[in-house]
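You will see chain A twice below: alongside chain B first, and alongside chain C after that.
Right after this comes the complex of A and B.
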């Protein structure tokens, strides 16, 4: 086939084009023709098709995401907000932290190891592109039923991919979650988060300005991997019949990425770049159009100068390739030599592929002939916007009316005991150490807290002990029952987890995993969840700094539970003041903070004992969450508590079990007045935590809670070799440990 | 006993970091003139009984489901006829 140049396209307006196969809709194709005033060339069509895909353009979600920019709480920590590669917050002492969570769901289903590995690689480059040194990663994961054969295929691959890539980079994996639910069968969620640290003056942005500046592509050579992956993988629904679609997947090379990190940080240090962007989904199409669009607009690229792994690639394929471990920088001419020198030192291939121009068009040439001539904003930032119809699902009322309160409850202490053992051994409540032990959690020597703690925490300054903490949470069952509340519960839990570790929550990133936006039911879930999250962030004072939306997570007509995953970032002035979850000191008093109600809708108990999902999720009281957070942080700073664990899925008994097993000590619990043993142990009321208080601090601690009007109830004492609920039952730690820690090993080892 | 060899190679469009590492090392060691290196895996299967169509079909199946990750790899199956590979008499 001859080259489809701009001139040729203008002369042959009637040539048929595969817009449909590339995932474009008829009106979108018509709009491209209108923008250009002619038919697009093959290369232009490739660019528009990937950039206007759901994954890159957020065309269905952006009308709802706007709220995150509108409902912004007053927060002077924000240095860079939504819209850049990642948001940046001020953590004090001249440091800034950038963090973000992204999804790599569909690729990880197709090829678990490489899909998950390149997910880590992609988020690390996002953080790097902001000017920061990546210091830690986290991975919130969702899989199908734990005992399903396909979970055995997907989970070990994903875990090995995350561990392998992260370990090669030398990045500790400090947190995340693992959830099993049959709704994720065929649509596992592999979200990946990264935290990066820099000094304020080192922040870099993705824009190309200054005519004459050079465009440098550096990192790996461009190959034929993942071509069209971004549009095909992320924007189409898997059919439940027939063999799964298996397009070319990307393979990552973490050692190349490590070189890219060190090379880029050295380039930053010498202040050689005017703008920078990583290459992720949509590859060069995305990087060139976004850089040009965010700058003055003009850019000229000689595409045939791009170093290739496979010389037979067509220009369209080069533009769409998703080869990993590549970055694109805008460099002033006088810095180019030094830039290339540093790349050579790190054995990183770097090539000047073009320059910023006076005009406002992105022009791309192939052996001297022009194949792209487009306004970059029309590709990158002014793609289609859909106001998709949404409506409350007709089954929602019935779902909410199916109250979990009517489920049969344990009749006596013996049955309670049996259900406790069943709960803590269920795949979702069981210890995840079989998975997290495969990650390097402590490399670099700055990890202060990691799984199974409430939040991951790393030290960022060795002199002052300044540190940052991060937790990720999301409960699809709650969100299915009520997406607005479910999103707020995810936010509240993540916030609580960070506060329980002793860190002050600052800002959030989110990864919103939903089904098809073309389904009004799903779109309603999405609209409700984003509204809930935006309202919640406003009330908690934690702005959304950025994130990611993953739609079309469904097989056939069946969508996953709406799964908004929220990552809260916190700061702690002195990591030696952190609060662990372990009950490690005998004789310390256990206090329950917050109110316990009969709330079982969406609970772990209803799932494990009755395989039930219905009713309403626990109520959210964000002012209470804030107060609880303040108490936990003050108590940690002033040494009033030695351990704290937030209460969430599984309720009090789950938290106490984890804390006791972690510390190797038992606990004697007394059911407080006004509560029955069942509600006390299994209710999932939000806004609660359990803390271990040294006797010498008891008065000071309860006085503080009293003065701030936070309900505080003494529920027992750390003691012995068993967990005893007085008058009901007791379970030896050994038996609990076998139940809690044996499940995942039994399933996957 | 007959020997069947299964060769597994990454598909041509898939990145091969190991092959690239080898290729990068070659000029440093003074070996010039190698434009590209791809690294694969070779499995030698000692087959009991005759290597007939049924046996080969079975080997095809085991290669596809177990030896190769066909999402990113291709494989070939062939019967080894080299005299030297036979058991010493």
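Right after this comes the complex of A and C.
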């Protein structure tokens, strides 16, 4: 086949092109022709098709996402906002922290191990590209029903992939979630988050400026894997028929990525780069067009200089390949030799593939012939925008009217006891240690807290003990019942988890997992959830620094529950003051903070006992969340509490069970006045936490809560070898532990 | 005088910074060693740290064993220089035949990361003299290929000569023969184990225990008193 050059394209306007197969719509193709004033070449069509995909262009979501830039809380911690590879916040002492959560959902369903592995690899390179040393990863995961045969295929592969890649990179895995629900059966959600640390002056941006500066591609060779990953996989609904999509999944090499990290950090240290971008979705098409677009515009690339794994690849395939472990740097000519020397030291292949030019066009050549001549902004930043229609689903009213408060409640202590055991053993509430024990949480030697703690926490300065914490949360059941409230509950829970660890919440990243944007019901969920999240962030004072949207998470007509996952990042001045979840000291007093109402809509109890989803999710009061957070942080800093656990799914009894098992101590609980035992144990009212208070601190702690008007109720004491709810029932710790820790092992080991 | 203890970085080594920190916290001078450099920069002892050197490709430790720095480490170890191999470092020591046996994939086929209880069986090596024989310690274990294996004759010999340095307690985590977690050479200067003492040197991080510090204080005492 002859080369489709720019000249050839101009001369052959009527040549038919495979725009449809590449995932473009007819009007999008027409628009490309209009921008260029001719038909695109094959290479240009390849670039536009991947960059204008839903995954890269956010074409359906960006009209809603812009709220995150409009409803910005006053927060002087923000150093770099939405639009870069990842956001950056100031955490004090000259340190900056960058963090982000992304999805790798579709590849992980098709090829669980590689899909999950390269999800880790991609988010780590995003963080690295900001100039930061990656210091920790987290993995929010959602799978189909725990006992479904396909979950046995997907889950072990995903977990092994995350471990296989992350463990080999030397990044501690400190948190995340594992949720099972049949709505994720054909669409597991594999989200991955990463935290990186740098000094303020080390922040790097993805832009190519300075004519004459060299464009250096370094890292792995480019192969035929992952071609069309973003356009074919991430931007369409799966059909059960159709050709295998496995070749669209990338294959990862964590060893190469580890070298890339160390090599890049050494390059940063010597201040050798003017701009840098990682290669992820849409590969070289994305890196070159985004770098050029964010800079002065002009760039010339000799595509035939790109090192290949397979010499038969066409220029289109090279531009679309999503081969992993590659980075693209803009380097001033006088630094090129030193740059290449450091790459050689780390056995990393590096090649000058082009340079920044005076002009405003991105020009790509193949053996001297021009195959791309485009305005880079039109590729990277001026893709299509859709105002997709959305409407409240017709079934929403009936769903909300199906009140969980009407469900049959346990009649006596014996039935309560039985339901508690059922709850803590249910796959969603059971211990996840079978999974998390496959991840290295110790490497780098700075892990202060890791799962099953409320938040993961790492020390970032050994002298001052400055640290950061992160929690990720999302509850698709709540969001299904009311997406606006559900998104705020995800935010509130993550915020509460960070505060419970003793860290001050600073900012958030989000991963918005939804069904097809072409379905007005789904678009309504998306619109409501983003509105809820933006309003919530404004009220809590935690800006959105960036994130990711994953659409088309549906099989046929059936979409997943709307699942906004929120990652809150917090800072703690002295990690020695952190608060763990374990009730470890006998005789300490247990206090419940916040108000408990009869709220069971979307609750774990309604799911486990009645397989029910209906009614309204718990109410959100963000000013209360903020107050609770302040109390938890002050109490931690001033040594008034020895343990804290947030209350969320599963309610109080779930939190107390986890804290008792973690500390190896029992608890005696008393049902407070005004509450029945069932509501006390199972309600999922938001804005609550349980804390363990040394007797010497009791007065100081309750005085502080009183002075700040936070409801505080003494509910018991850490004591003995069982959890006893006075007058109702007791369960020995051993029996609880067997129930709580045996489930996942039984299902997957 | 202060002891100088080197920590080798191979491509893919992960726990080198942790090992350097442990050396420093124990009171010695940490020295970074690079795999391409044959020189040991006047160190008194060497730690081969954990990780996935060369991605564990071919076999864990199989490629690193042939790196320039290992030529010198092998020569010096045979001449009596103390060498500690942790996890991947232990794998490299067996590949280099400084210690007998080999590590296979864990019998449950999963990576495992947990706090692991060990019994110190030999408290007379260069790296264990600050412990007492029979002492029980807990340090993190994290690996994919941690199942120690050797032929019966070698195992019997190790047992007879007191060269089993550490044994797993409270459940064998990977199917290691005779619950072996770590071994020493006959001279007691070369020690390898799968668990990670360098992750158990500060009360604040990791599992919150400092049971691993003894490895580093043992060697410092030996070097300083030498």
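The rule is short, and it goes like this: the second predicted complex is superposed on the first by the 741 of 749 C-alpha atoms of A that agree within 3 Å, B and C clash if a C-alpha of one lies under 4 Å from a C-alpha of the other, contacts with A are read in each partner's own complex, and residues count from 1 in each chain.
Criterion: a residue touches a chain if its C-beta (ideal position, glycine included) is under 8 Å from a C-beta of that chain, and two chains touch if they have at least 3 such contacts.
In this text the structure is predicted, and so the values were computed from the model without any measurement.
Overlay on chain A: chain B and chain C fit together in the combined arrangement. Shared-chain residue A:255: touches chain B and chain C both.
Of the two partner chains placed by the overlay, neither chain B nor chain C lies in contact with A:744. Judged by the touch definition given at the top, the superposed model places A:459 against chain C, while chain B stays out of reach. By the document's definition of touching, both partners, chain B and chain C, reach A:347. Panel annotation: after superposition on the shared chain A, the angle at the CA centre of chain A between chain B and chain C (CA centres) reads 60 degrees, nearest 10. Applying the stated contact rule after C-alpha superposition, one finds that A:479 touches neither chain B nor chain C. Residue contacts after overlaying the shared chain place A:576 against chain C, while chain B stays out of touching range.
With both structures placed on the common chain, the touch criterion links A:445 to chain C but leaves chain B unconnected.
Set against each other, chain B and chain C differ in how many residues of chain A they touch, and the higher count belongs to C. Once the two complexes are laid over each other on the shared chain, residue contacts for A:506 go to neither chain B nor chain C.
Smallest inter-chain Cα distance, chain B versus chain C, after superposition on the shared chain: 5 Å. Once both structures are placed on chain A, chain A residues 253, 255-256, 347 are touched by chain B and, in the other complex, by chain C.
The part of chain B that touches chain A in the complex is made up of residues 10-17, 20-21, 24, 69, 71-72. On chain A, the positions that touch chain B within their shared complex are 110-111, 114, 220, 223-225, 227, 246, 248-253, 255-256, 309-310, 323-324, 347. The residues of chain C lying in touch with chain A in their complex are 11-12, 14-15, 17-18, 21-22, 51-52, 54-57, 108, 110-114, 140, 142, 144, 196, 198-199, 202, 204-207. Within the complex, the chain A residues that touch chain C are 160, 163-164, 167-170, 253-256, 258-259, 346-347, 436-448, 459, 462, 465, 575-576, 749.
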